[in-house]
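Per-chain numbering from 1; labels A, B, C, D and E assigned in written order.
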Amino acid sequence: MSDPEPSRGTPPALSILDVRVEFGGIIALDGATVGVAPDQVMGLIGPNGAGKTTLFNCVSRLYEVQSGSIEVHGTDVLARRPDQVAGLGVARTFQNVGVFPTETVLDNVLVGAYPRTRGGMWATALGLPSIRRSERTERERARALLAELELTAYADEVAGQLPFGSLKRLELARALMMEPRLLMLDEPANGLTHGEVLELAELVRGLRGSHGFAVLLVEHNMDMVASLCDEVTVLELGRTIAVGTPDQVRSDPRVIEAYLGGAE
Amino acid sequence: GNSREAAGGVDGCDPGITDDTIKLGASTMQSGAAAAYKAMPQASLALFDEVNEAGGVTMGDGKKRKIEFVSLDDAYDPARAVKNTRQLVEKDQVFAIFQAAGTSPTLAIMDYTTKAGVPIVFAATGSDEFQKKRDEGATIAAFMLPQVGFENEVMVRSIEQIDPDATIAVLYPNDGLGKGSLAGLKDLVKDTGLKVVAEESYEQTSTSVDSQIVNLKSSGADVFVNFGTGTFVTQALKKANEIDWDVEKFVISASTDVSTVLAPAGEDAAEGVRSVAWVYDVSSDANNDMPGVENWREFAERNKDRVDTHNSIAALGYNNSQMMLKALEEFDGCTREGLLETVQKLRGVETDLGLEGITFGSGDADYPYAITSMATMQFLDGKWEYADVITRDK
Amino acid sequence: MTFFATKQLTASYGRGTVLHNVEVSVDQGDIAVILGANGAGKTTFMRAITGLVKTQGSIVLDGLELVGKRTHSIARHGIAHVPQGRGTFKDLTVADNLRVGGYRLPERQVAALMDRWYDFFPKLKSRSNQLAGGMSGGEQQMLAIARALISQPRLLLLDEPSLGLAPKVTAEVFSVLTEINAETGITVLVVEQNAKVALAAASKGFVMETGRIVRSGPAESMRNDDEIRRAYLG
Amino acid sequence: MNVFTMLREQQRPVRAPRPLVILGLVALLGWLIWQPMVSAPYVNFDRSMVLVFVVVGLGLNLLTGLTGQISLGHGAFFALGAYLSATLVNEYAWNYLAVVPLAAVVAWALGYLVGRPVLRFSGLQLALVTLSLALITPSIIKAFDDITHGQEGIILDTAEPPGAVGLERDQWVYYLCLAAAIATYVVCQRLASGRVGRSLIAIRDNETVGATLGVRAAVIKTRVFALSTALAGVAGVLYTWVVQFVGPDAFGLTLAITFIILIVVGGLGAMPGVVFGALFVVYVPTYTASLDQSAAGLSFGVALLFFMFLLPTGVIGLVRVIARGLTRGRRKGAAGRTTGDTAQESAERADREAALPLDA
Amino acid sequence: MTLLLQQLIDGIAWGSLYGALALTLVLVYRASGIINFAQAEFAMVGAFVAWQFTEWGLPVVMAIVIAMVLSFFGGAAAELVFVRPLSRTASHFTLIIITLGLMLVFNNGAGWVWDFSARGFPEIWPGPVINIGPAVISRQGFAIMAAAGVIAVVLYVLFQHTRIGLAMRASVGDPDSASLSGIAVANLTTISWGLAAVIGTLVASLAAPQLFLQPNMLATTLIYAFAAMILGGLNSPPGALVAGIIVGVVENLAGTYLPGIGGDFKQAIALLIIIGVLIVRPQGLFGKKEVVRV
C-alpha cells in the first residue's frame, strides 16, 4: 500500500523507497517510503523527530542516504548534486525559514528563477541581450507573485526584517517562482492565524490548479492538512506507519496514539 | 602642477635654481619598518635651516643662495620612491636629488632621473649595483656609504691580520645587500688562506636568528662575519654569548651603533666585536672631546626638537649635508650637469664627524662612492677603539 | 493585583515604529494569551519586554520598572522568554542547553529540575549528549521551553510555543503549563496562533493588530466571540 | 528615520531619468579623456595608479562584497602579474601588451587551483589563511630570486607609446589603464546585478538554501575567486607600466590592507564605490606622510574603524543617501521603502529610468 | 647531536611564545567568536608600557605587573568601544576589518609615541643561561615556557570546569538567548578581552629581552600564533600551547635540516601548517567537529 500508485502510466512526481539515514547512531529514517503522484497533494505528518524534515533534506541531497532510492518524475535523485535537484523541478521551503536576509524581498523571489533561466558568468559579462530580456520578464513575474502573496508592500525591504509569517510566505513565493513540478513545503502554516492558514491553503490549491504541480506538505496544523491534502502519509521513528485520506488517517488509532493525542 | 611640460629654468639654467635659492629633494623611508631613517632628512633640514638663517650658502659663483630641501616619504617602497621622485622633478622642480636612501628605492628611481638629467648626489647607500649603473652612464655621484665591495675588502684584510687561514661563518640578510656582501666576501677570500665554511640567511620578517647562530657555531668556524642589521645583530650577539661561542666577530659598519645595537645585547656580549667606520660613533659619549664631535653635539643641542644627539643615523644626515654644502660652495654653474661634475670632482673633503685621517670624495667620475678610506675598529669595554685607516687602492 | 503591566509602550526597529502605546496587564498567576495576525507585532512586544528592541513607555514587573534595563538583568528579575522559532544553543549539547537555563541556580537544584523535564520530554533525555543543533525543529522547541522553565521564572514569555510541535505535544505542553501554574502560581504570557488550545488554557486574552491592542478580556468571552472565532479559531 | 540608520543600511542604487544618465556618462568620459592632455606626467601616473587599483578593487568587491569570501591575499596575485610583466618584457623581450592576457590566464588558473580547496573554509579561516599568505608573499618572491632578483627587484622600461599616436608615455599608460578599468567595470557591474549577482549574494547569505535553488556554490565561488585573482594579475601588469619597477617589499601586508581599504572605503558590494576607495589609497598617504612617520599607517587603520562604524556602506552609501535626499521631493518613497507602489508602477519606473553613471 | 638538542630546545622556547600568543587569541575567540588580529599588537603595546615604567625607575617586575593591570582596562576598553557596539549585528567580515584596523592603529600608534627603533628590555630574572646537557636555554626563554604552561592550565580549568566556560560557549553561539538566560554576555566578552590583553602583556614583556622592543616586535610572530591556534583547534588552550611548541620545533628543525627552507623561508612553514590542518583536520588536534543541520 505504501507504493506510489502503480496504476498511472506517467512516473510518480516523487517516490521515496525504503530510505535509511543515520547520524552517528541516531536513526533518523528507517526505511521510510513515500509516494506522490503527479499533481497530487500528499500530506506528511508524524511526531516531532519522526524524520519529515530529514526526508526533505534527503530529496534536496543535503543529507546522505545510507540506503533506499529516491526518484523524482522517474529520475534518480541520489545520482544528482544538491544544485541539480532544483533542475528537476523540485522546490522546497524550510521549516525554520531559509531566506537570504540581506537581499531584498524581490531579489529573494527572483533567485527562484535561477534554475529555470540561462546566463552564466560569461554570457552575463558579455551582456547578451537575451539576458536583459529574460531579466525583465522575470521581474514582472516576481512582482506578480509578490502581489499574489500580499508581499508587495515589502518588495524592496531587506528580507531579514520580515515577521515570521511573512518569511514563510516569501519562501513560498520563491518556491513558486521556480515553477516547480514538485513543491515540498515544511510547515508553511507556522506563524499564521487560523484565518491566514485557510487563505494559504486556498492559494496553494488555486496555484496547483493553474500551474499543475505535485505537493508534499509537512504540517502539524491539521486544519491545513485536512483542507489541502488528497492523501496523507504518516511517519513515526523514521518509518511509514500509515497512508490514506486525511479522514482515514485522523481516525487511525496508531496515528492518534503517536501523533494527534486526545486533542482533536 | 597643471601646466603640461615642466617649465624650463631661466636663461640656460636648469629648473630649481634661481639667484637666491636652490631646490633639493629626496624621497626616503620615513615610515614603516625602516622608519628610523627619518632622522637623516631631519638632520639635513635642521642644518640647512641654520645655513639659511645665516643668509644661505655662498656658492662658487659668489651668489648667496638659500637651500630648499623637499623631503618625501616612501616607506622604503620603491614604487612610492619612483612616484615621489617624479613629483619632486615635475611638480616641485628640484635641481637635484640629495641623499636618496636605501638600495632598492635608489635603484628604482635611477633610470628616471638619468633620463630627466637630474643628478642623484650623496645618496645613503653603497650597493655594488651603482658601479654598474654608473658605468651605464647614470647621473649619480659621491654616495655616502662605502661600496660594499670595498668594506668587505677592508674586513677581509683585518681578518687576515688576525689569522691568515681562518675559517669563516657568515650570517646575512636575504636581500640584495646581504647576498651581495656574501658573494663579494667569497670572491675576496678565493686567493687567500681564508675560507667560508658556513652561511645562514634570515628574512627581515623573521622572529629571531637564534637557530641560525646555533647552526653557525656548530660549524666550528674561527671567525663570525655578521652582515646583519639592527636587532638581528643584537640578537645574534646575545645568542652567541648565551651558547658561549667566543670567536672573532665582525659586524658591518651599518650595525655599529652602540646605544641601539651593541649595548642592548648585554655588556659582555658585544665585547671584542670588530667593524669598520668612517665617522665617529655619536651614540656613545666616548669621542665627545673631538672638536668635530663637539660641533655636532652643539648643533644637535640647538635643534633638540628635531635631532637626537646620540642617533647615528641623524649624524649621517649631518655628515651628508656638510658634503652637500661643500659641493655647493664649489659649484659655480647653474646646470644639473655642472653640479654633477662638481660633486664628482670632490676629493679630500673633511667633515665634523669624519674620523681623523679620513676624508671624503673619490675625485673620480667613474667611482660613484665618496668613501675611499675607512678605519678598522674594535668594541672594547663599552666603546669603539679605532685602529689603522685602510685606504682603497686602485 | 496586577503583577505585570505595560503602559504607553512603543517599540521601534531602526526605522518605523512597530508598537503603539500597547497596554497589557496581567495578574499574578494569570495565563494570558496574545492573538494577532502575522506581522501584528506580537514578537516585537515580547522582545520589548526583555529589552531586545528599542522601547519607550513603561513595563512594570511586580512594582519594578524594566524599561531601560539590560536583557540579562531583566532575566535575572525572574522573566524567562522562549523566542519565536527555537533559540536553542545549536553547538551545545542538550544537557548543556538545560544547564544554561539553570545558570543562576545551585548545581544540585539544576540536576533535579533537569530530571523532571527529561521525564516530561523523554526525547530530550535520550539525546542529552547530542548537540542541540542536530535536533528536529519540534525537539528544539521542546528544549527551548524546558530550558526556560528550568530557570524557575516568575513570569514566562512564550512566543508561539506550538510552533513546530506535534498536536499531541502542543496539548501536553499547555496542560503542563496549567499544572505548573496551579502548583507555583507562575504567571504566563503566551503568543499563540493555535488559539483553540491556548484560549482553553488561558484565563485572559488580548488581540493585537498592527501594533495595537484592539481587544482584551477574559479568555472564555473571547472563545465565544464570533469575530475571533472566524479569524483565530474556526 | 534618521540619517545614521540610513547610512548603516544597504542603500539601493539611486535611479535617475535615462537622458540624465547618458549625459552624465558622456560628460564623465569626456573629462577622463581630456584631462591627461593638460596634466603633468606625475599627475597622470597617480591617476593611472588609481585606475590600477580600481581594476583590483572591482574584482575583490565581487568576491568579498557580494560573495562574502574574504581575501587578504590578493597581493600575491597582483605580484604574480607584476613579475610576469617584468621578467617577460625584460628578459624575454615580450610585447608588454601581450603580457596582459597571459597574466590574466595564469592568475586565473592559479586562483582556480588555490580557490578550490581554500574556499571551503569559513570566513574567519579564510581571512586567517589569506592574511598569512600576504605576510609571506615577499619571502616567497625572494625565494625565487633567480627569476625575481630578490630584494633588488627589477627595473623595467616599458609601455612606450607607439610613435603613431603621438602621446607621451604617461598619457599612453593612463589611457591603457583607463580602458582596462572601464572594461573591468562594465563586466563586474553586470556580474554584480541580475541572475549571477543574486546567486552570489545567495551564496554569501546561505549556501545550503542556495543549493536547493540550483546555485552551485563550490563552483561559482571558485570562479569568482579566479576572476578576482585574474583581475589582480592584470592590475599587477598595469602597475609595472606605471611604476616601471617591481620589488618584493611592495607586496606585503601593507598592500593587503590597501586592497581591503579599497572596498571598505568605497562600500562593500557596491561597484562604483571602488573608485572612491582607489582615490583614497593613492592620495591619502601622500598627505599623511608629512605629519609623522606613523601617520600613513595610522590613517589606514583609522579609516577602517571609521568606515566600519559610521559608514559601513562606504562613501557610496553616503552618496546614495544624499542623492535620495535630493530626489525625495521629486518622488516620494524613493527613500528606503517603496511601500504602496504596485508591481506595475515600479516595473514601469524601472523601464523609464536607468542608474546614475557612478551609481549603477 | 648537540646541534639537534639545542635546536629542539630553542624550538620549544620559541614555540612556547607562539603558543602563549595563541592562548590569548583562543581566549578572545572562545568569548566572542572572533579572531582578534590586533592581539599581538595589544601585547606589544603592553610591553612598551611596562618598559616606560622601568624607564621611570620602577623595578622591572613591578613595572610589568602595573602594565598588566593597565592592559586589562586597555583590552576591555577596546572591546567596549570598538567591538561591542557592532558585535550583535555585524558580520564576521566587519569584525575582522575592525581588528585589522586596531592592529594598524596600535602598531603605528606605538611608533608615533615610542618611534620605531629597537630598545633593550630588562630581564625579570637575570643571570647565566641554564644548561641542559650540552645545550642551553636562557632564563628568559624558560620563564616564557613556565608562564605559558600555567596560563594554559588555568584557562583550561576556566573553560572546562566552571560555569563561566559554559556561559562563554552559550554567548558565542547565540548572544540573545544567552542574555535571556541571565548571562551578562557583554561583560563576559569584555572581561575576556581584558584578560587576553593582560596575558599578552606578560608574554610580550617576557619575550621583549630576546626580541627587543619595537612596534613590529610581535608582528612577525603573529603568523606562527595563527598556525598554533588552528593546529590546536581554535578553542582549546592546551591545544594552542602544544601546537605552538610543535610549530616552533618544526620551524627550527626544518630551517636547520631541510635544504629548501633555510633560515629565510621558515614563515612559509607556518602557512603550510595552517592550510594543511584546515584541509586535513579542520577541527585541529584538540577541537571537536560541529554538526551542520539545515
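Here is the rule we go by: contacts are C-beta pairs under 8 Å (C-beta built on N, C-alpha and C of every residue); 3 or more make two chains touch, one makes a residue touch a chain.
Please read these numbers as outputs of a predicted model, since none were measured by experiment.
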Fewest touching-chain hops separating chain B from chain D
1
Taking CA centroids for every chain, report which one is farthest away from chain D.
C
So which has more C-beta pairs touching, A-C or C-E?
A-C
Taking the mean of the C-alpha atoms as each chain's centre, how many Å separate chain C from chain D?
49
Averaged-CA centre spacing for the pair chain E and chain D, given as whole angstrom:
33
Whole-Å gap separating chain B and chain C, where each centre is the average of the chain's CA atoms
76
What positions in chain B touch 2 or more of the other chains?
31-32, 35, 174, 203, 205
I need the residues of chain A touching at least two other chains; which ones are they?
23, 60, 62, 94, 98
Spell out, as numbers or ranges, the residues of chain C touching 2 or more other chains.
134
Interface with chain D, chain E side, in the complex: residues 34-35, 37, 82, 85-86, 90-94, 96-98, 100-105, 107-109, 111-112, 115-116, 219, 222-223, 226-227, 230, 264-265, 267-268, 270-271, 274-275, 278-279, 282, 292, 294
Touching chain A in the complex: which residues of chain D?
9-10, 12, 186-187, 190-191, 194-196, 198-199, 201-202, 204-206, 208-217, 220, 223-224, 227, 337-340, 342-344, 346-347, 350
Touching chain E in the complex, chain D uses residues 64, 68, 70, 117-118, 121-125, 127-129, 131-133, 135-136, 139-140, 142-143, 208-209, 253, 257, 260, 264, 268, 292-298, 300-305, 308-309, 312
Help me check something: in the complex, which residues belonging to chain D touch chain B?
37-43, 45-46, 49, 135-136, 138-139, 142, 145, 150-153, 155, 157, 239, 243-245, 247, 249-250, 252, 254, 285-286, 289-290, 292-297
Would you mind writing out the residues of chain B in touch with chain E in their complex?
31-33, 35-36, 174, 200-203, 205-212, 214-215, 218, 230-231, 234-235, 238, 242-243, 260, 263-264
